[in-house]
Amino acid sequence: MTPELLEQALHVAPFHQWLGVSLRESGPDGITIAMPWREEMISNPALPAMHGGVLAALIDLTGFYTVLAAGHVCTSTADIHVDYHRPASRESLTARGIIVRIGKRLSVAEVRVSGETGKLLASGRGAYAMKG
Amino acid sequence: MTPELLEQALHVAPFHQWLGVSLRESGPDGITIAMPWREEMISNPALPAMHGGVLAALIDLTGFYTVLAAGHVCTSTADIHVDYHRPASRESLTARGIIVRIGKRLSVAEVRVSGETGKLLASGRGAYAMKG
Amino acid sequence: MTPELLEQALHVAPFHQWLGVSLRESGPDGITIAMPWREEMISNPALPAMHGGVLAALIDLTGFYTVLAAGHVCTSTADIHVDYHRPASRESLTARGIIVRIGKRLSVAEVRVSGETGKLLASGRGAYAMKG
Amino acid sequence: MTPELLEQALHVAPFHQWLGVSLRESGPDGITIAMPWREEMISNPALPAMHGGVLAALIDLTGFYTVLAAGHVCTSTADIHVDYHRPASRESLTARGIIVRIGKRLSVAEVRVSGETGKLLASGRGAYAMKG
């Protein structure tokens, strides 16, 4: 898939539009997705910190598009694992996904999410069910 | 924490307001959270299916409030694991969280998410960092 | 599969023989596997505590046989997640596996491992690739 | 910790001696652990394939020593996640661990296990409880 087609596919999902994600870079080894801050993403208003579920969504979708960008067709997420390292607070995020393994039935991608200063905020991996 | 205080705490988070979650039942062994459908939650409009990230958010927050409802104070999510079983499609969801283990530093809760017909759609577990 | 056939299948694996596991109970909803202590399983000799890898093996195999006992054929483990709650120390263990979801391509089982006093020592889940 | 001290610490565990693991390389960014094949590690004798629990043990311990090699003291494994990619069959294995995040309470390391031909057989991550 070309970056243009990936970007189009990314925007088809209403939830991706809500998240405001966009494809910043893509290649066979990995992709980078950008996500702006929005106030509705807050979990704890006292910090304020982004909800872990929003970070999980970013990791899930970045892994999924990492598999697509490598030229393989996955159809759904089988499972995800997310580790939370530091709170994300009023900053735009960058998610970098890389391929761990392209399999016949399942493929695995790893994702690291950083904030504006480059600090790692969350990381994880997704297993994606392949077409066929 | 009383159900009333839990319900209040749940609504403090802007992302929980966006998700529309509410506490349906709570006790020392577990809680039930309800979440209505909204069109912005869609990932694949062709089915339409709810985005896996929204399901991950529901599992994360239900596990967190399961620990609180059991009378223990957790402060953040350390990690989550989510398995996706079936697509959620234009239906309100119910998440049932139960305690696996209350620890001094980490507590673990398990969550199962069902749709309107009672079918299991997703399940998982979260590990939560404890106060102190 | 009958409990006798399950027990036979369990013993085919040389590593299961090394672990000393045996089927204590089996049914469509779940199974119970027993595992005796052996000194070579120790990780930290000062406590002594059982190695987390041995507990992971017990969780992996119990989940796998939980799927078989429910009458479904899985062929390999796709992934596992294990949470460690308390050290296991010079005691025989009991692992209880239950079905979370039988799927066409992946099935998920949950497992809880207890020590001799009944305390929960570790818990987790496995996703198993189905035949066909 | 020097490589010599790490190697000594690694061999203190009776289960590590049984696995036959040794430290091949260590540095602040990562370590490499070697593990020879042994017949008792077999799960399915028909292939023969190594038991997933043995691979999980290798991933768990490699992550743990990756944190130690980076100069930080972890005391126990909080949780692990393991993805299985291909069967390991009568071959010695190499596990490469890298730091994802050193935290005050939890640190996370990623591990990839390869066989003799260099193919990725399993991968995963561990979260380790820090001293203090």
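For the reader, a short list of remarks on this structure follows.
The chains carry the letters A, B, C and D, assigned in the order they are written, with residues numbered from 1 in each.
One rule holds in what follows: a residue touches a chain if its C-beta (ideal position, glycine included) is under 8 Å from a C-beta of that chain, and two chains touch if they have at least 3 such contacts.
On a predicted model such as this, the values are computed, not experimentally measured, just so you know.
Farthest from chain D in terms of Cα centroid separation is B. Two chain pairs are in question, A-B and A-C; the one with more C-beta pairs in contact is A-B. Note: centroid distance chain A to chain D, computed from Cα atoms, is 27 Å. Taking the mean of the C-alpha atoms as each chain's centre, chain A and chain C sit 33 Å apart. Mean C-alpha position of chain A lies 20 Å from that of chain B. Of all residues in chain B, those that touch two or more other chains are 78-79, 81, 83, 127.
Of all residues in chain C, only 81, 83, 85, 100-101, 103, 108, 110, 112, 120, 123, 125, 127 touch chain B in the complex they form. The part of chain B that touches chain A in the complex is made up of residues 12-19, 39-45, 49, 51-54, 56-58, 60-61, 76-84, 87, 124. By the touch criterion stated above, chain C contacts chain A in their complex at residues 78-79, 81, 105-106, 127, 129.
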